[in-house]
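Read from first to last, the chains carry the letters A, B, C, D, E, F, G and H; within each, the first residue is number 1.
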C-alpha cells in the first residue's frame, strides 16, 4: 500500500515523471474574499467556494502546506472566506501592505521560500490578477507553477479565456480542482483512500450521487440474498 | 411583529391576495433520488440539491408540513437524497407500489388529503414526469398547485422549457426556490428573521458573500471609532 | 399487477385524470426524412433519431397504433428514417400527394379517423410545419393533441421557441420523449417493466450508465459475500 | 393541381381550418431600416435580411399584397433595406409623420383597410415596438394577426423572449419565416412548386445544399447507366 | 405637433387602443439595492443599472410619477442605487417596515392609490419577488400591470424564465426598457423628440453609435460641398 | 489501390509527413466507466459513447491494436462500457492495482512497450486525469501522443478548456474522433472504403442522413429512366 | 496611391514585416461540398458560404491565384459549392483520386509548387481534416501556412476548438475571413478601394447597413442645404 | 507609500519581474470608431466603450502616454468615440492616409518611437485587424506588446477566439481591462488609491455595488453606536 512518506513521486514505470510531486507541493490561496467574489463571472460563487473548500480539505488530509493572503480585507474587497482556515487549520495567513501582487510582498515571498518547496499551486480571485501576477513572477524566479482556474475567478468569460492563454504563454501550467485532487491522490491503495473518495463528491458533485446509488445497490443485493 | 399563527395571509392593503397562504401550504418532494439525478441536464446537481436543502430547512423553520416519496428506491432510480429527512425530520415518507405518478398511489393522495391543505407546492425529479403528472392531476382535483422548477430537474434544456410551458397551460403556477422562500418569508419583522436571512445564502449563494462583507464592514467601522 | 387491457386510465385516487389514456392514444410520426434532418438546428440529429427510435420501440411494446407519412420522399426531402418501420412494424404508412400539411390529405385523415382514437400524439420535422399544421387542424376538429418537441425538429432555436409558444396558444399540449415514455408507462408493476426500463436509456442516455453501475454494484456485493 | 384562385383554404378534410387563408393574407413589413438593424441582438443581420428577402420573393410569387413603412428614414433610423421593394415591386410604401406605432398613422391604417384583408402578417424592427404596437392594436380592432419573429429583431435576447410572451398573451400568433413559407405554400402540386422549392434554401440554408447534393446524386446515377 | 397634455392616448385610427396611456401611467421602482444586485444573474449589473437610469430620465422628461421603495436598506440588502433619485428628483420614496412584498405595506399602497393612476409599470430586484408579488396583488386589485424585466433582475436564468411565464399566467404584461421608452414616446413629432432620441442610446447602446455616425456623415457631406 | 500493409505512410508528395502513421499507432482507451460517465459535463454521454464505439469499430476494421484499462471497476467508478470489447475483440484489457494514472502501473506500461509502437492515441474519462497523466508521462518517455478529446470527458466546460490548453503546452497533440477516423482512413481507394464510409455516420451523425438521401436520389434517378 | 504590382509588402516603417505578402499568397479552397456542409456545426452554412464567396470575390479583385479541389464529388460528399468558380473564374480545379489529404495527391502538390508561391492560405470542410492535414504537411515542407477558420467548418464546437489549438501547436497561423480581407487589402489608397469596401459587407454583414446609413445621411445633408 | 516616479518596477522580492513596467508603458488606442462598433460581436458595445473609458481615465490618473488613430473617420468607419480624448486630454491623435495597419503609417510609428517606450499596450476595433497587424509588426520590431482584448472587438465569437490564439502564437501578451488596471495599479499604498478604487467599478461593474454596500454598512454601524 502506498505510503506518502516513503513512495517516490516518479515510479520505475516513468509514472509521475511529468506530474506534481506531492512532497514538493505548496498551495497558495490568494484573495478569496467576499467582495471580490461578487465580480466573478466565469464560475458560480457556489462552485468556486466548494472547489476551494475541497482544496482546503485535501491539504489537511495529505499534509500539504498552505499559505493564504488577502488584499485589504477590512476594506471593500471583504474578508477571506472563513472555510479555508476552518478546514485547513495548518494554513499560514500572511497579511499584505497594500500590494496587489502577492509576490511584491516581502513576507509572502519569504514564507514561500521558507517552505523549501518549488512546486507552487495557486488559486485566487481574480485569476487574471491575484493568481496571474505572482504566477508569472514565481515562474521568472524559477518555480514550477500551477494555476487552478476553477478555484479562481475572473470578471468575465472573455477575461477567463485570456487568463488561460496568458498562463500557457508564460509557462504556468493550468489545471482544475478535480485534476489537482487526482494528481495528488495518485493511488487508491493508500490509507486515506476512503476520505479521498469523499472529496470527489465536492470536485464533481455527480460523483456523490454515484456513491449513494452504489451503496444502496449493494445493500439491496445483500438484502436480496 | 409578525406572528405566523395569528396574522392573516391577506392584509388590509390587499397584500397577499394573489400569493401563497403559508398556513394552507403543503410541500411535496417527489423522487429526489441519486440515480435520477444523473440524468438531470437543466440544472447542476449541486445547485439542485442545495435548493432542495433550502426548502427542507425552510419547512422546519416555519413549521410547514412536508410529504416525500420515491420511485423504486432500491432499484436503479436510487435512494432519496438523505438531506431532506435530516433537515426536515417532520417530513412524512410515503412509499409507492411502482406507480410513476405519485397521484396514482392511494397512500400518497390520502396523506395529502389528511393535511386538509389545498395549496400544494411540488418539486421533484423529473420535472416533466414526477412533478408534472401529480401537479396536473391535483389541479384537476381542485388544488392550487405550485411547481418549484429549480428544486426539480429535467433530462434536457428543451424538456425543461417544455415543462414550464405545460405547467402554465395546465394552470400550475411555476416558481423558483428563492421566490418560494420570499413568498413564505413575507416579512423581516418576525422572530425567525435572522434564520431566514441565512437561507437566502443557499437560494442565491452570492447573498452569503454579501452578508460576510456587510459584517466585516460594520466591524471595521466600529474598530475605526 | 397492472394489466394494460383492463386497468382504467383514471384511478380511484384521481390519478390520470389529466393524463394521456394509453388506450385512446394514436402516434403520428410525420416527415422524419433525411433531407429535412439536415435543416434541423434545435436538436442534434443523433438525439432526434434516438428519440424517434424510442417512440417506435415503445409503441411496439405497448401496442399503440402508429401512422407515418412523408413529404415527397423521392425528392429532395429524402426518405423516411428506416428505423421507424423496422422497430414498429405495425405502423401504417400513408403516402401524400404533395400536401405540406398532412391534415390536408384525405387518406391520412381517414386513417386517423378509422382508429377511433381521439388522443393524437404527434412528432415530425419540421415542428413548426409538419407537426404544427396538423396539430392545429386536429385540435380544431376536436382531438386532444400532444406535440413531442424533442422527437421533432425546427430550423433554428428561435423557430423552436416560437413553436412551443404557438402550440400552447393553440391548445396543443407540449411534451418530451422521456415524459411521453413515463406517461404511457404509468407503473413499474406491469409485465413490460423490464423492457420499459431499457427504453429510459434511450430517452435519457445517462440512465443506461446508471443501470450498468447498479448491476455491477450488485454483482460486487454478491461476490463479496 | 392546386390552383390558388379557385381552391378553398379549408379542405373537406378540415385541413387548413386553423391555418392562414392565403387569399385573406396581407403582409406588413415595418421599419426594416439600416440604423435600427445595428441594435438587433436576437438574430444576425444577415439572417434577418435573408428572411425578409424570402418573404418579399414569396409575396411576388404568390401575389400577396404587401405594405411597407419606415420610421424617420432620413434620420438616424436610416433607409429601408432596398431588397424589399426590389423583390416585391408590388409593395406599397406608406410614409409616416413621426408616429412610432404604424397603427397611429391614418394613411397606414387606411391602406390596410383598403385591402379588405383581415389576416395581417407582420414583421419589423424592433419586434417589441414596431411589430408589437400595431399587432396589439390591430388585434384590438378585430384582425387576425401573425408576427414573424425571425424576420424581425429586438435589441436583446431577453427582449426577444419577452416579445414572444407578450404576443401570445395578446392573442397575436407567433410564427417564423420558414413556417410562413410552408403555411402559404400548402402543396407541392401547384405550378409554382419549383420556385417555392428554391425559397426554402433562403429560409433554411442547409436546404440549398440538400438540393445541390440531390441533383448531383441523380446526375451520377444517370451517368452510371 | 404632439402635445402630451391634450392628445388622447387612443387615436381615431384605433392606434393606442391596446397600449399604455401615458397619462394614466405610474412607475414603481422596487428594491434596486446594491446588495441584491450581486445576486442578479439574468442580466449584467451594468445593463440593469443603465436601463433603470433610462427609466428615471424618461419619467423626468415626460413628467410621469415615480414611487420608489427599498427592503431593509440599512441591512445586507444595501442602499438604493443613487442614480434613481438623482435623475428623477420628483420620485417619492416610501420606506417599508420589513415587508418583502411592497403591496403588504400600508404607506406604499396608499401612495399608489393617491396618484389615481391605474396603469402600474413595475421594475425591481428580484423580478420573481419584489416585482412579482406586488404585480400579482395589484392585478388582483384591478390594476393594469406591466413588468419591465430588463430593468429588473433574478438570481438565475431559470428563475428569469419562470418569472416571465408566471407574469403572463397572472395577467401581468411583460415588457422591456426599450419597448417602454417607445410605448411612452409614441411620436417623433413632439417637443421632447431630441431628448427622447438620446435615451435610445441608453436602452439600446448601439443606437448611440448610429447617431454618432449619422452626425459625422452629414458633417462630411456638408464639408464636401 | 491503397494497401495498408505495403503503402508507406509518407508519400512522395510529402503527404503524411506530419500525420499519424497508422502502422505505428496504438489506441489506449482509459477508464470509460459508467460511474465516471455521470460526472462528464463537456459532452453528452450519448455522443461520448458513440465516439468511443466508432473508435472501437475503426480499430477492428484497420487492425490497429488497442489496450483498455479501468480504475476500480468493481467500485463506484463502475464497469467499462461493454461496447468497446464487443466491437474490438482484439483489445487487451489491463487491470490496475489502484493507480489513478495508468502510466504508474507496471503491467500497463509493459503492455504498451510490448507493441513496439511509438504513436499513442489516447482517450478516456476524465480527460484531465485519466488521459492527461499518462499522456504527459508518455510524452516524457519519448512517445508521440495524441489525445482524442471528444472520445473523452471532463467534469466541466472549464476543465475541458483547461485540458486542451495543458495538452498543447505539454506537447500532446489534440484531435477529435472524426479527424482521427480521417487521419487513419487516408484514402477512399482502399478495400475498406465502404465500411469506413459508414463510420462517418457515427462520428458526424448528419453524414448518415446525407448517405440515405444520396442513395434515395440515385434510386429515383434510375426509376425515372 | 498604392500600386499592387510595385509596392513592397514590407514598408520602411516595418509595416507588414509580420503580415502576409499578397504577391506571395496562394489561396487553397478544399472540399467545400454540399454533403459535407450538412455536418458542419461550428458555423452556420449561410455564414460559411458567404465567407467563401467573399474570398472568391477578393481573389478575383486582387488577382490572387486559387486552387480548388474536392473529395469524391460524385459521391455522398456532394459537389463543390458553385459560387467559387463562378466568382473566381481564374481558380484551377484539381481532381483527386480518393485521397482524403489533398497533400497526398501528386497533381495537387505539383499545382501548388508550380505557382512558386510560399504563403498558403487554406480553407475547407472539415477544418480538422481537409484543412488540417495539408496545412501540417505543407508546414513540414517549409511553407508559411494560414488557416481561415470561419471559411471552413468542423462537425462540432469541440472539434473546432481542437482544430484551432492543433493549428497553433503545429505552426499554422489561424485567421478569419474578415482579417484576411484586411490583411490583403492593406490600404484604402488604391484603385480597388470602393470594390474592397463592398466586400466588408459580406465578411461582417452589419457593415453593409453602416454603409447604407452613411449614404442616406449624406443625401439628407445635401438635400437640407 | 508608493511613489510612481521613484519606485522601481521590479522589487527586491522579484515582484514585477514578469509584469508591465508602468514607466515604460505606452497605450495605443486604435480605430474605436462608431461605424466599426456596429460590427463587433464578441462584446457588447456598452461594455467595450466602458472599458475604453476606463483605460482613458487610468492613463490620465497615472500619467501614461496615449496615442490614438482612426481609419477613414470621415467615411463609413465613422468618428472616434469622443470619450477617449475627453477623458485623456493628453492623448495624441495621429491621422492616417488610408493604411489599414497603423504600423504602415510613417507618422504613427514615428510618434511611437518618439516616446522612447518599449512596452506597447494596444486595444482597438477590430482586434483581428487594427490591433493584430500593428501588434505583430511591433513585435517583429522588438517591442514588448500587450493586447487588451475586452477593450477591443471582433466581428464574431470565432474571430475573437482566433485572435487570442494568433496573439499567443505571435508572442503578443493577451490581457483584459481589469487586469491592466491592476497591473498598472500595483499597490493600494499610493496617493491615487481612492481614485483607482473607483475605476474598478468601471472595469468590473459589480465592484461599484460592493463599494456602495460597504459604505452603507459602515454608516449603519456608526449610527448604531
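One rule holds for everything that comes next: contacts are C-beta pairs under 8 Å (C-beta built on N, C-alpha and C of every residue); 3 or more make two chains touch, one makes a residue touch a chain.
Keep in mind it's a predicted model, so treat the numbers as computed, not measured.
A.B. asks: Count the touching C-beta pairs: is A-C or C-F ahead?
C.D. replies: Top pair by contacting C-beta pairs is C-F.
A.B. asks: Assuming a repeat means more than half of the contact pairs shared by residue number, which candidate in D-F, A-C or F-G repeats D-E?
C.D. replies: Comparing each option in D-F, A-C or F-G with D-E, the repeat is F-G.
A.B. asks: Report the inter-chain centroid distance for chain B and chain F in whole angstrom, where each centroid is the mean of the CA atoms.
C.D. replies: Each chain's C-alpha centroid was found; their separation is 44 Å.
A.B. asks: Please compute the C-alpha centroid of chain C, do the same for chain H, then give the distance between them in whole Å.
C.D. replies: 55
A.B. asks: Can you work out the whole-Å distance between the CA centroids of chain C and chain D?
C.D. replies: 31
A.B. asks: At which residue positions does chain C touch at least two other chains?
C.D. replies: 35, 38, 75-76, 78, 161, 165, 168, 206, 209-210, 213-214, 217, 219-220
A.B. asks: For chain F, which residues are in contact with chain A within the complex?
C.D. replies: 35, 38-39, 71-72, 75-76, 78, 97-101, 103-106, 108-109, 126, 128-129, 132-134, 136-137, 139-141, 154-156, 158-159, 161-163, 165-166, 168-170
A.B. asks: For the complex, give me every residue of chain B touching chain H.
C.D. replies: It comes out as residues 210, 213-214, 217-222, 225.
A.B. asks: Write out the stretch or stretches of chain C touching chain F in their complex.
C.D. replies: Touching chain F: residues 34-35, 37-38, 44-47, 49-50, 73-76, 78-79, 81-82, 205-206, 208-210, 212-213, 215-217, 219-220, 223 of chain C.
A.B. asks: Going by the contact rule at the top, pick out the chain H residues touching chain A in the complex.
C.D. replies: My answer: residues 2, 11-19, 42-43, 149-150, 160-161, 164-165, 167-168, 173-176, 178-179, 182-183, 185-190, 193, 197, 203-204, 206-207, 209-211, 214.
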